[in-house]
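A, B, C and D are the chain letters, set down in written order, and residue numbers restart from 1 in every chain.
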Amino acid sequence: MVVAGLDIGSVFSRAVIMEEDTIVSMTLKPTGGDFKKAVGDLLRDIRPPDRFDAFDIDTMGACGLGAAFIDHPFIKIAELPCLSRGVHFILPHIRSIIEVGNQYSRVVRINDHGKVTDSLASEKCAAGSGRILQVIANVLGIGMEELEPLAARAVRPAKFTTNCAVFLETEAISRVAEGIPAADIIGGLHHTLTAKIAGMAKRLKISGDCAMIGGGAMDGGLTRTIETELGLRLHVPEQFMLASAIGAALIAAERG
Amino acid sequence: MGIRKGKTMFYAGIDIGSTITKIVIANRVEILASVIQRTGAEHRRRAHRVMDRALVQAELCVDDLDYIVATGYGRINVPFADAKVTEITCHMRGVSWLHPDVRTIIDIGGQDCKGIKVKDGRLDDFIMNDKCAAGTGRFFEIIAKVLGIDLEEIGPLSLTSTNPAEISNLCTVFAEQEALSRLSEGVPIADIAAGIHKANAGRIYSMVRKIKIEEAVAITGGGAKNSGLCRSLQQRLQLPVFIPPEPLITGALGAALIAGEKAARLDERALSALKTHRRWDAATFFSDPGTLVAMESKNSQHQHVG
Amino acid sequence: MTENKIKTKKSNKTLQTAREAGHFGKKMLESAIRAQAEGKPIGWSMANWWEGDIIAKAMGMNLVYPENWGAFCASIRRAEPYLEISDGEGFPNTLCGYARNNIGFAKTLKENGYIIPDDAPGGGLAKPIMLLASGAACDARYKWFQSLGRYLGGVPVWMLELPQTGAREFFLPENKANNLKFIVSELKLMIRFLEDLLQCKMDYTKLEAMVDQAFKTLRLAHEVDLLRRSVPSPMVSQDFWSIMIPHFYLPDDPEAYAFYQRVVAEVKNKVDNGIGAIPNEKYRMMFGELPPWHSIGFFDDIAERYGIAMVMESWNYHAPTPMAEEEIDGVSDPLELIARLCYHKYTEYNQAALDFSAAPSYFSAPFLEYAEIYRADGFMAHPLMSCRPATYTLMQTIQRLEEKRLVPGVVVNGDIIDLRVFNLEEAYSKVEAFTETMDHYRELRRKAGMAW
Amino acid sequence: MEEQKKMGLQRAVDIYGHRGLRARQLKEEGRKVFGYFCCYPPIELLTALDIVPVRVLGNMDEPVTDADDYLPPVMCIFCRSAFDLGMKAQYNYFDGFIGAHACDGAERTAFIWQNYITSPCNFQLDVPHTTHGPALNFFKEQIALFQKTLEEFCGTQIQPDDLKQAIVLHNRQRALVRELYGMRKPDPPLISGTEMLQVLIAVMSIPVSEGNDLLQAVIDEVTTRANPHEAKRRLLVWGSLIDHTAFTDLIESSGFNIVVEDTAIGTRPFWHDIEITTDPLDGISDHYLNEVLCPRTFRETGSTYQADTDARFYYLKEFAKHWNVDGVFANIIRNCDIHGYEVPVVKDYFSEMGLPVLVIEQDYSTAALETLRTRFEAFAENLDGY
């Protein structure tokens, strides 16, 4: 059976097509503000020309903020199960997940079937989300992956006085302008975020091997800081951006 | 020595806000100069530059200023200020000078929001939010960006809406996403803007109401320049609202007035002593962190003395 | 500013009798309004586990319950204006939502010359001649009445004492006798206070009759709880939150007794014929604390979507298990009976509190016992921003249920008053994910050889 | 034994900085150490058995993490912080833990503490809400049970004379603290709010006799030294407790001298002596129920609102007058209901005295302190007539 899985997030939209248990096609693109359009493009690009057209898809599962804008019949699935099932598919031996997203961070424990056994998320407000990393990278005109080597050179990691994600941005930006070394600012940000995320991880008593996904996983520096803080190993899978889409497909297959 | 001599005394108030720096130079009776500029990160050098412009406008030089009061969250970073006063007191003073009947001031700044109660020209009570971006100028900047319009447009645009969209999130980041979804749903930009203003007016109102809102109400700060927000607030308040001709400078104006009062308490010698201690020149080599640190310590000593 | 944020689908009560229960809430308010019209004495009272309100009523006091009225205002979305007034008066907005609602109303009452404003929800609350506060379970329930002095100046507050013994201390020899003696002598003081206030004597035969009636009603109410242990569950929380009103507030009312006879009959019939409250009962969950009154429909939806039946609720809203015969044998003094009743209510789970080290015996420990007898698969905690004391032990309860009972918990944030806190979409996705967690723990319980 | 030699303020600073240190030393020397929560447990009984009482406090400087699983965020952050320190083993030297039903927060925290942080001896003291005769009686019986529990744990009886001796020692401590408070009447005060806080917390972390020596030494030092403090606006602090000098420093560097605190670390535990009665428990129970003036205790409502508030807050008038107060800071740790419900009442009461009140609901965290500075400075400017 051919199943499609979509994950329409606020920043990125992802889709995979799976035939039985193998991924036959995957695509990832910025959502770019217009969910309708994002969904349309996704469904167009996901189809490998040589094989299916949209009608060959038996069932479609979707999660994420923009799922509501899909105009084909599909199964709406909550994000958390998709994420868990997806990670379990990619890294079968992993039992715990840290997701650093654009709006919130999340810590999940799963069982050997990839089912959620326990989870925590930063709620109500975006404090502790990974959004700041993208912002600061843009300000410095570098890619997320360049943050790590920079942070490694931090001498006196900057201290930040605010929790609010928005004010954190302004504070970080003004530090840049004040001439505080970028290394120290990024180092400081890594510590600030880690404090929040590690707090949640500790509450879920996470240990051993753990998956790190979501936009924040693009920043190896954050990953390292969390690792040292929690004393565990974080695995960043290759398709870490696609985990929830894969999960959506798998769950849709079960339910469809 | 100043280019002018004589009895007239000159006072300056400098209000370094999170996003905008304002300066007012006045004598006992009138405002001689007022300057408004974006703050940028290096408050000190900025303060120095903005002051220069104000002085030119007022045709004065720094030594003509008998007393300088700094306010706003950057007030600690004005080396040439003779005293620091909180923006709460300064706004209060400035507004009641412009409009003595005002009892409640709602000041919506770039990164905070205050409610100030005035009683017989004195500070009666106040409340402020500086923890969260909701209800501050920053919120509107971000949403305007999402909606693809200029900050100046968002207010007027919202006024054209007949059916404000429901915006339930007060966290700016979440509201941004909410706005995005509404956009994708095809909700008109005007309605989203209106919804945003409604939500923030609600947030601001429920904070300010804690200090018992009484007539007359004044709105100041950048928020007062947003016609949409002012209307939503007014609908929530159900009270007439006074908006100063230039709502941005009430803090600087208040600072200048207080400068006048402080100067009045000093004699000639004390006043000239002030001027000789002013570290105007110091304000020019700020770029390098070394002096930054040096200044910090000098400043703090300065604080203890004064 | 939050209108229609949450779709208030009226909840489908599964019991016929539950649909009739609303009558009692109305009855309470109307009788108070009538009493006010007839110039009879009105008292505002906190729910007090039958400790003081029966006595007050026996003296001819007509009681209304601002907590109950607060829930009503919230459910019809009329609380907001009162909350605004309370905030404007300088009361922190972190205080109990019912309190802020009532404080706001008290101010409007004062400003209106103590005539109930026409627009007051459900006919409003008539001006009281006394306030019956309770120190049990929650400080708000006396600090709140105390603070009403600013608006009802001169209206005396009577503070009911209901001691709260620790779990170890409960088993210390003299402690029980001390507690009972304390409660009884406090009740005597209260009667003296009422006699002075009302200029009349307590009619003890009448009181005896009312207490006797209350015991009978509570026993019936408990029978309902017993019936709810069967699988599938014959009724759900949506029903309970309606039928709790009579036994919680009016156990001495013969009409309440008659009502519970009908409830027992209806529930028993469903049990005998194996009829479940929801068709596809797949998960049995317990619910921690008061529900989001303005969106009870949520529970119907998760029943429909995931087969979740809410089979038991917080200890505090339930009738106690009947007391052992030797406890009440030969005890005729109604005050002694009352003392033993509420002391029993507050201490009966102390053994569980020790066994599972989940003290206190109230709020926390009962859930660890319920977990097994109600064969619970999960626990839904609903921390209330504005009823915090009821919430303080929820986290520990989640921990202990998981450790000691292998029953997982999920937290759904909400409130009894503030509509904004409860996020329906978030709640759905949490519950959907949680069903997987419950599957997992069911497996763990099986492996551990647990009874359910 | 360095600490022993250093006396006075410096020693107070040391003990304040390393709260558990002295208690741990004494434990190694074989003394028993008990922790107690809030100011209601009668520590005289501990002293009578030669047990070292240590007041359990939180730490504004330490983010609450481990407590999150057990106490919800909607709970008083002071309680959560104290429990958090407990979970982080910072109080792991206790031989016993005494909780009390002061307020919901303190009561629930004490229960959960005893569930998760086990010490050999535990007691949960139920404190009545009223001051009625039966309540006083019941409270005395509770204290008697507390005494029994202690005696069984220690395997020795408390002799009435030992208990009276302990009461004398603690009364001496109360008198010394009041004497020290007297030295804040001059302008500028001889001792700052920060110094006072360090002394009081130090005293609550060491045996009563050592505490008395420390207090005496501080009094001598303060009366003889050149007063380092300058005259500023004189502030009365009412409400939730303050247990970190970062907070007092912030206030006193914003134009104020704190001259008197009606809080659970300030005057409340020290203001009245325990009457020495034939049955010592009479004096003790009467003191803790009637003379520790936390609004958690319900006092009979008078015939009018005025009478009611007078009955509850008359003593604040005394403080305001004798300590020549310029303004009041109503400190509310977020979610502290006991004080929260009183805010409008207390505001009314002080305004009648012509005293302005600054109400701040704060989050009990040093990280969030700086944002409060503007509020205090504005309040000072207000008092200065701007």
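Here are some notes:
Throughout what follows, a residue touches a chain if its C-beta (ideal position, glycine included) is under 8 Å from a C-beta of that chain, and two chains touch if they have at least 3 such contacts.
What you are looking at is a predicted structure, and each value in this text was computed from that prediction instead of being measured.
Between the chain pairs A-B and B-D, more C-beta pairs are in contact across A-B.
Chain centres here are Cα means. That of chain B falls 40 Å from that of chain D.
Centre to centre, using the average C-alpha position, chain B and chain C are separated by 50 Å.
With each centre defined as the average position of its C-alpha atoms, the distance from chain A to chain C rounds to 42 Å.
Annotation for chain D: residues touching 2 or more other chains are 68-69, 371. Among the residues of chain C, those in touch with two or more other chains are 90. Within chain A, residues 124 each touch two or more of the remaining chains.
Arrangement of the chains shown, judged by which pairs touch: all-to-all, with no pair of chains left without contact. Of all residues in chain C, those touching chain B in their complex are 1-2, 4-5, 84, 87-88, 90, 93, 420. By the touch criterion given at the top, residues 68-72, 74-75, 99, 101, 103-105, 107-109, 111-112, 114-116, 122-124, 126, 128-130, 132-135, 137-138, 141-142, 144-145, 148-149, 295-296, 298, 301, 303-306, 308-309, 332, 334-335, 337-338, 340-345, 347-348, 359, 361 of chain D touch chain C in their complex. Residues 77-81, 84, 111, 115-119, 123-124 of chain A are the ones that touch chain C when the two sit in their complex. The touching residues of chain A, when paired with chain D in their complex, are 161, 195, 199, 202-203. Against chain B, in their complex, chain A makes its touches with residues 10, 33-36, 65-66, 68-69, 102-103, 124-126, 129, 131, 162-167, 170, 173-179.
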